[in-house]
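Here it is: the structure, laid out below.
Chain IDs A, B, C and D follow the sequence of writing; residue 1 opens each chain.
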Amino acid sequence: MPIRTEPVTINLGPQHPSTHGVFRLRVTFDGEEVIDLEPVFGYLHRGTEKLAEERTYTQIVTLTDRLDYESAMSNNLGYVTALEKLGGIEVPERAMYLRVISVELQRIASHLVFTGFFLQELGTFVTMLMYCFRERERILDLFEMLCGARITVSYMRPGGLTQDAPSDFWPALNDFLEDMPGYIDELEELITRNEIVLSRTRDVGVLDPEVAIDASISGPILRASGVQWDLRKADPYEIYSEMDFEIPIGATGDCFDRYIVRLQEMRESVKIIKQCVDKIPDGTVKTDGAFFMRPPEGDAYGCVEAPRGELGFYIVSDGGISPYRCKIRSPSFINTTMLRDMIVGGKMSDLIVIFGSLAVNMGEVDR
Amino acid sequence: MYGTGIIRGLRITLKNLLLPSRMFTLHQYPDRKVGILWLAQNADINPLKYVLANPGKSIRAIIGLETVEDRQPKHPRFRGEEFTWYEQRCTGCASCAKYCPLGIIRIVTEPSGNAMPEGEKYGIEVFDIDIGRCMFCGLCVEACPYDALHLGSGFEEGTYKREELVIDIDRLRKSRKKPSTWFRPQLEEKSYDPGIGRDVDWTEAGRHESPSSDDQAAKWAKR
Amino acid sequence: MTRALTGGELAVQINDNFPNTVDEYTDISCYIQSNDLPKVARFLKETPNLNFAFLRSVSAVDYIDHFEIIYHLLSMRLNLSAVVKTKCPGREDPCVPSVVDVWRGANLQEREIWDLMGIRFDGHPNMKRIMLWEGFQGHPLRKDFLR
Amino acid sequence: MELGFRNIHAFVSGILPDGLEWIAFSISGIFLALVVINALVGVAALYTWFERRVLGRFQSRLGPNRWGPFGLLQPLADIIKLITKEDISPNSADRIVSTLAPIALLVPAFLVFAIIPFGTNSFLGDLNVGVLFIMGVTGMNTFGIFMGGWGSRNKYAMLGAMRGVAMLVSYEVPMALALAGAVLLAGSLSLSGIVASQTLPFLIVQPLGFLVFIIAASAEMSRAPFDMIEAESELTGGYHTEFSGIKFAIFQLAEFMAPLVTAAILTVVFLGGSRGPDLIPGQVWFILKALAATFLLLWIRATWPRLRVDQIMGFAWKGLFPLALLNIFLIAAEIQFFQSGGIEPIGVSTLLIMSGINWLVTGIAIYILANVLGQPSLQPKKPVPSPLANMYAEAE
């Protein structure tokens, strides 16, 4: 007698431990195998682009904090980069160095969050999450010194920064830079050679470089596929052209490569920050008048390499005090394009691992 | 060899279990349990002497009941709640209200104010800040031309009702003046720390020394 | 350093192959007629000396009398960038051809534009609302959307 | 006087007049059951505290430390909270099955303890088919898990239950085979007999059996790295997703009993039970060894991620099953060779020779198996930049 089976449809989310916020995946299973999947977005849609149209240019900085709430500094930088391009504002050199320091710290913090949650989804019972958050806490302390807030920093302003770093920031930063390589070594020893992690992530969710480029995927996911493309090298903003660092890439584009690329990026970030600390000049960090800026009529697209990929802001100005249109190209949103193709055919556990390896942040996806 | 990687992982977790530097990285809030050694060290006497001196406390400490208050130290720049506002400095210009991205500051002025050191000023009738919606971006502080509004340094403002989160003028007047040094370099120069420091008087909170009449005369006479 | 192709350079290249498709061009961008978009897109992607394989972003701007769709293109092999725009007149059911066949990366972004701006993309495989729920009235990013 | 069924029975029938044998039997049985179950629940509650504290330390957290000295009253607080909570079950759930599920899961754990020899004797006296009893009873928890998943009418729970049944049934086999090695060596099915024959702990004599047993047992109790039944990042809790209140408490109790059961069996079969230098009483030896075993299980739980469902099944059949067979074959051959037909117990010197051979064979077997199972694709590859991008290009 043939056994009658039928596929099961499960709503993974909007509240589920592994969906990084409120996100729903409508998954159809045949036993343990995923045969269809449809992502459902929009649970965290706050209309940031519409809100930006009725705020002044400086006020929008506070909105950008809330896009990718794990990397507020990078969002700030992405926005002010676009705005400075539009308004033609020169940034003082010290401000650029401090910006790079804070952005790279944020990259480390964001990658630590990724690592922690990725391994949590692989099933390490909270341990790695706690280790990664312990390290991240020190970065957040540094942010508190810089700007008084830990997550929603609002540190950057068009034409510079709100404030120079306090005097006790530099010793604390040096301490952190000395400890961080050891932490990364520890993480690497804990996980990188772990056979369970390897067998769970190797050759899972492979993304070919051609497909990745075609699907506009950016950031560590693109680099894990073997495409050596990083805006910090390709189109250097701020003072990245003076920095000496490598762009790590992956070999196959599977989940493991996405993890290992991020781990190596943390090392490179430490390297960049060290160079910045050595080279930082004295001077002011602010530009007069930029707080109340009115850029000329026109449009500009500015982009930075945020921890999750290319974060772009397309700002159209009509000469007024607030932008006519402020479009956000959020990396997380576009990186989910290939979700279905990567997951279908895998097991349920693969689904969680692949989705985790994309490091999608819902604040940024839904905006 | 295949299979050794998982053994290394075990080594790292054991290291984290045993090494004190990796163990005590967590602050328990708002108080933490202390042992007898810590108590003795705090009292700066020999542990043995301490036990003899305070047997009750020692027993409590040994069975793990003794706690001391322990708060996460925060940087003076910490952008906290309960804004610090100096009525003497405020002219009622409402720059803060204009620059608030959420529009949660409400100011009502009346024109018959008395004269204050920085010039003519409006009397302020209403100054409401709805910190239920505030995100502590600090743009109001940044916009204040007279350094009248400062961010506070606290973070324990839990209430049972949203309405209680609105800070009105009476509360602003009465609250302790412990401004955060965020965006206030003049306070930072004095290495003021709201966590441990005293209250700041309105004369100290400004970013300028008030110029003497001679200076002012000299400055304006040149033009 | 990524070199931004000026609108003029781009217009020359496109006009050589497809006459009368370029409406106008400015320093940074070049306006294409919306009907010719798919073939111009394919040309931009597959021509070796342009090779715009990476679609950075698709944006839409509401200029009251017309909509503008902006394609930010990037060529990773040549480190070139370009901006292609197209105009889409009319406020009742504006429609432009979809470029999902050329760049898969446009998939979600075009859906988002349909959702928030109300511009329909012809040939898109899954033209549904993405951020808002089905049955939502209006398109919030339009300038005349008041709520 | 040791607390055992025989002692109590003798005591009670001494008081009662003759001819009321059945009353004496019932009284002593119920009394013993009450004592044992309450003691075990108490121990399990203490163990939850231990597990949470140690896990907390592993994860550089503090663990429960607020309620009572060192947080020792935390389990009590948890129990009170869970008991007073509303017991919610889905509208369309199968009430009978879902109510019975926690009980079906908890009972086997208690049953096993009836025959574990803590000191020289166990509660129920010495059961001469102890190992068979253990295998039979621990196999029962499959029913509990499947009833929980089926009865709660939840897709996640159902998936967890299906995974659970497949995994538990598969891992029964290597577990039984690993125990068979010990039985062969001891020449007895009774647990006391196994303890008595361990002049050298079987951990040393047959490391392969120990390894297979501990892996299979951690799968049986669905602990990391085999916790896919309740994989909280995938199934949001697995078979007990829909349970709350007292039912959930019983599920948790059963779950925390599982390591205790495993540690007890492990101690008896492989660590020499209550044997040890006479300096300390046997019961203390037993507890110490069991604690060490639970710590090992905890340590693994704190470190390793979870395997995928097909990998878990593959590991059971391709990895553990051959190893367990090899172990049995090895032990049988050695007994045939060294004991040469006699029934007298094997001497320590012979056991040492045997363990030498076994350790060698274990190393070789694991090495070979690791190279067979370990996929070459797990080796790191050298990344090559794709020609599709050149970020240093200077366009003309």
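The definition used in the following text is that contacts are C-beta pairs under 8 Å (C-beta built on N, C-alpha and C of every residue); 3 or more make two chains touch, one makes a residue touch a chain.
Everything numeric in this text was worked out from a predicted model, so none of it was measured.
Chemist: Which chain wins if you rank chains by how close their C-alpha centre is to the centre of all protein C-alpha atoms?
Modeler: Chain A is the most central one.
Chemist: Rounded to a whole Å, what is the gap between the Cα centroids of chain B and chain D?
Modeler: About 52 Å separates the centre of chain B from that of chain D.
Chemist: Taking the mean of the C-alpha atoms as each chain's centre, how many Å separate chain C from chain D?
Modeler: Averaging C-alpha atoms per chain gives centres 61 Å apart.
Chemist: Could you work out how far the Cα centre of chain A sits from that of chain D, in whole Å?
Modeler: The separation of the two C-alpha centroids amounts to 42 Å.
Chemist: What's the distance between the Cα centroids of chain A and chain C, rounded to whole Å?
Modeler: 25
Chemist: For chain C, which residues are shared contacts with two or more other chains?
Modeler: Touching at least two other chains: 1, 53, 76, 79.
Chemist: What residues in chain D touch two or more of the other chains?
Modeler: Residues 58-61, 302-304, 374, 378, 388-392 of chain D touch two or more partner chains.
Chemist: Note the residues in chain B that touch 2 or more other chains, in rising order.
Modeler: Correct list: 2-3, 6, 9, 12-13, 16, 25-26.
Chemist: May I ask you to sort the chain touch graph into line, ring, star, complete or other?
Modeler: Graph shape here is other: it fits none of the named patterns.
Chemist: Okay, what are all the chain pairs that touch?
Modeler: Inter-chain contacts occur between A-B, A-C, A-D, B-D, C-D.
Chemist: How about chain C: which of its residues touch chain D in the complex?
Modeler: Counting only chain C, the residues touching chain D are 1, 3, 53, 75-80.
Chemist: Could you list, by residue number, the parts of chain B that touch chain D in their complex?
Modeler: 1-3, 6, 9-10, 12-14, 16-17, 22-23, 25-26, 28, 33, 63-65
Chemist: Tell me, which parts of chain A touch chain C in their complex?
Modeler: Going by the criterion above, the answer is residues 41-42, 45, 47, 49-50, 211, 213-217, 227, 229, 234-236, 299, 301, 303, 310, 312, 314, 316, 324-325, 327, 329, 333-334, 336-338, 366-367.
Chemist: Flag every residue of chain B that touches chain A in the complex, lowest number first.
Modeler: 2-6, 8-9, 11-13, 15-16, 25-26, 74-79, 99, 101, 135-139, 142-143, 151, 180, 182-183, 185, 188
Chemist: Touching residues of chain A toward chain D in the complex: what are they?
Modeler: 8, 10, 16-18, 29, 32, 119-127, 130-131, 134, 190, 194-200, 202-203, 209-210, 213, 225-230, 233-234, 247-252, 257, 347-352
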